[in-house]
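Take a look at the structure below.
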Amino acid sequence: MRVAYFPGCSLQGSAREFDESLRAVAARIGLELVEIPDWNCCGASSGHAVDHLLSLALPGRILALAERTGLEDLLVPCSACYNRLVTTRQDLIDDRKVKAEVCELIEMDLKLSVRVRNIIEVLKEVMEAGNFQGIQTPFTHKVACYYGCLLVRPHKVVKFDRAEEPQTMDEMMQAIGAEPIDWAFKVECCGAGMTLARTELVAKLCARILDDAEGREAEAVITACPMCHANLDMRRGDIEKAAGRKFDIPVMYITQAIGLALGIDPGRLGLDRHMVPVVFKSMQQQPGVSESPA
Amino acid sequence: MSRIGVFVCHCGENIGATVDCARVAEISSALPGVVHSVDYKYMCSDPGQNLIKDAVKDKHLTGVVVAACSPRMHEPTFRRACAEAGLNPFLCEMANVREHCSWVHEKGEPTTQKAADLVRVLVEKVKRNRPLRPIQVPVTKTALVLGGGIAGIQASLDIANAGQKVILVEKDPSIGGHMAQLSETFPTLDCSQCILTPRMVEVAQHPNITLLSYSELESLDGFIGNFKARIRKKARKVDEKLCTGCAVCTQKCPQKKIPSKFNADLGMRTAIFVPFPQAVPNKPVIDVENCRYFKTGKCAICQKLCPAKAIRYEQEDEIIEVDVGAVVAATGFDVVNTDFFPEYGYGKYPDVINGLQFERLASASGPTLGEIRRPSDNKIPETVVFLACAGSRDHAKGIDYCSKICCMYTAKHAMLYRHKVHSGKAYVFYMDIRAGGKMYEEFVRRAIEEDGARYVRGRVSRIYERDGKLIVKGADTLLGGEPVEIQADLVVLATAAVASPGAEELAQKLHISYDSYKFFSEAHPKLRPVETNTAGIFLAGACQAPKDIPESVAQASGAASKVCGLFSQDQLSREPLIAAVNRTAPPQFSTCTGCFLCESVCPYRAIEREEIKARDGKVLKTVARVNPGLCQGCGTCVAVCRVKAIDLDGFSNNQLYAEVRALA
Amino acid sequence: MSLQTATVENSLAEELYRSTGQSVARCYQCGKCSAGCPLAAETDYPPSQILRLIQFGDDRLDQKALGSLTIWQCLTCQTCSARCPQEVDLPRIMDFLRQESWKRGPIHPQAKNIVAFHRSFLGSIRMTGRMFELGMIADYKRRSLKFFQDVLLAPKLLMRGKLHFLPHRIQGTKAVQRIFDRALEKKGATR
């Protein structure tokens, strides 16, 4: 399978290991990633907070560049970028006047033919095509699949999985041997872009998420969003301060979990870049060495 | 030679203030064929009618045009006046110079001219009217009541007590409907079954009522006064005549783990079962899908043990054909299940239940014998949260309407819980409190002021389970949207009332209209609540819209009175303004070519096929024929007939062309 | 009351309708949005109250909504609209209120650093086409005067290769600058 690839700003910076593990897994499962040349930032939450047209133009430029690759699918691993691209595409389909304005701003034409896909649905498609036969070490752990708020909303536009209690990530984790738990915070927001400006709020929200996951005996939180990962992992110190207790549970990207199951060397999956060591209570897995948390 | 009389009414100020009636009368007097033209203040009054009668007699009028209000108001009045004077009533027409003229225009010359034009048009029409006689149709004095809930029961009893025959068809093994499932009813807290079962027994014992339980309507043909119904009597696998209701079979049946529909899936029943102890008729039925004998060929314990030898495994469904004169649809409603709500768990939490399930918990004959217990672990809940408006008034979920009964039964549930668990905490999350009936507002106040139900205004966003408790995340909008989180032991969703399953199919079988929610449509939302647009078919109860018991009973009695009114005559008189396919001399017999386009477009299925035969029986031609009992005179067939072989009396092609030419 | 928009003339709600097509009349104040909002307990006006403030059509109340902490603290997680029974697009309304607050004020004093964050973020994109995290954080600290925030975290991130010292300038930087300048030139949002 060949897809256009839009990593987004975080995957180049603070979420490097998501990009690394994704590329490692993609190479193994026959998923060819064609990075869009010269892509720009999608604007994330700041764009639409400040100006409507700007919030459409920045993703609009990305869609136009993706179209030029000639590929049908555009893989967007970051949930925030995914949400911006899907909703922008729908807004431009629904309103031709706005579309014309955006095309004028970005100085490019837009056919809006490219399908914007998130990481979970692309991996699922590849799996169903039968390319996951290489499971060497089943990921036999209890996991809490954390989808985050932007992956499944707005449901009518994104049309992915169920709006409450989605199942696709859980099914994929099951396929690699894990035991996904039923828990209450699958789509509850982690605090998103408030990580700098409202750190204590993010800490409070993430504490609730980790408390529920750990309380239900999950051994790891699996996520598909770099923002969620950053808040749950990098901000672990702040979370523990806000909650008044320690949380040991590691947070992994879905591509890292799949990578481990496929037998890819942990070093190539960027597990040592996490703040919280990826260590499991059951010592069946020794994924890699990490420094101790802050 | 036409001798037309024109009578222009002032209708007080309604017409007179805008239209110069005297001038209209003057203009009309000069029309060809008009021999009498006057105006008067109130034509519908006695003196006004006498003007018509006198003129008919003195001037030997052959036609009358009354320029006044809408025919929907007074056409019968003026037709009767003409009839009394000796003129065929169908030679009287009305020109609507009120709704179509004076009420929609400003005073002035153009308005007066328009009124005069309208009169001229009607004069040309009435010249071409034919004298007609009302059509007589016989009436079968048996009513078919579909549905044995409280509405169907009430309608059946009312009709039967009026001396007419009733066939009551109920698809479940027992009558009683949802009312039999309730614990206590608002606002009196009467025990539901205590007030219902006497009526159920009365139905079973009434000499005029034939109860066909465990039966469904297969098809309905015919027209008002003359319906033919085919009813499928499903096989109970029990001979009802022999069965004594001793219940040994239900006690000994080894298949005990089937969710009981009567207990809203909170309790179990056996494969051979009677839905509840007070069932009418008190005869069991075998659920063949879950019966061991029917699945594997083994068992047959019920047959071995039945003292009356009443078990009949080979029994088949039976189709019964009956002739009826009227039909009352009383098929009730359903409530949505908890799996309708993604944000409340997709129905996976056993301790999140709906209102009907709570009724079963609270019922003395229910799965917990009237004790409020959690379905998951049978413990008594200390905190119960009730959610009103669960699914109703919810555009996103596709149910925009209010289900009407939930505010009242939620207050009742909170009260019953508090009565049974004195230390328990009851929270009600609501949006509004709709308590419009008699003693209803007082009932809700009692729940809040005396029984300590804690009402919080706001909807609940999410419910999830943690450590055996249900975390309910709501808000208090009266405190500005303040989030309110409650750890509940039991959550009761007052789910939306929806049309009962199979409502759409039934409506199509009956040829009655229904709305987008599959509730049956009444003929007029204000003034005709128990009739449908199909003559002879009436509505009673929640199948028309969600409603409570007093309203269902009232509507059922209303439908019954319509049926009795229908049956009070031996023959039905119908307006003869209907279509007819022409007949000509042999060998043509009719200009109809037998294309039957009319048949396919008739909304009332009033077109039949008639074979025209030679003396030796050979079919020469098959042409269309209008059934005078069904035709409503809508004219659709006239519009589509390519050869103009079908025409409408009272609105014939000739008349309409004449009217249009009169304006040119 | 304008029949076309069901809003009070010249009110913020009417402007909202004209630029976004969202009608505040649809909201029947059920509170489900506030019940599910992760921040409702931590903010001045929960979301349903923000809507009520602009629903009334009174200028004083409109100003309260624009000057609220909520509109800037909003996580844009879309939980509200996911559950709203009347399908009110509250995220879109929040965007509109933020854009108005940004353009003409007022801005809640405690929200000033959130606005500063957005300025830093967008400034970074405008300069290089992509987010340069170190640069953005530095600019944010300058604006918010929070010099000591995360000082212990930063070295750890650098060690793990999660922060770059230099920005990556895309080739289309000038094109991105033009997008910024021309978009922000045009007054207000289109529907």
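Should a chain be cited, it is by its letter among A, B and C, assigned in written order, with residues numbered from 1 in that chain.
Throughout what follows, a contact is a pair of C-beta atoms (placed from the backbone, for glycine too) under 8 Å apart; a residue touches a chain by one contact, two chains touch by 3 or more.
The structure displayed is predicted, hence computed values, not measured ones.
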Number of steps on the shortest touching-chain route linking chain B and chain C
1
If you tally C-beta contacts per chain pair, the winner is A-C
Whole-Å gap between the CA centroids of chain A and chain B
54
Nearest whole angstrom, what separates the Cα centre of chain A from the Cα centre of chain C?
22
Would you please write down the residue numbers of chain C that are in contact with two or more other chains?
79
Going by the touch rule set out above, which residues of chain A reach two or more other chains?
163-164
Where chain B touches two or more other chains, by residue
343, 462
For the complex, give me every residue of chain C touching chain A.
19, 38-39, 42, 72-73, 75-79, 81-82, 95-96, 98-99, 102, 113-114, 116-118, 121-122, 125, 129-131, 133, 137, 140, 144, 149-150, 152-153, 156-157, 160-164, 168, 170-172, 175-176, 178-180, 182-184, 186, 188-191
Using the touch definition up top, name the residues of chain C that touch chain B in the complex.
28-37, 40-41, 45-49, 79, 83-87
State the interface residues of chain B toward chain C in the complex, per the touch definition above.
343, 389, 393-397, 431, 457-462, 473-477, 480-484
Per the touch rule, the chain A residues reaching chain B in their complex are 162-165, 184, 212, 215
In their shared complex, at which residues does chain A touch chain C?
9-10, 12-16, 38-41, 43-55, 57-58, 61, 95, 97-98, 101, 105-107, 149-150, 153-155, 163-164, 187-189, 191-194, 196-199, 201, 204-205, 234, 237, 272-275, 291, 294
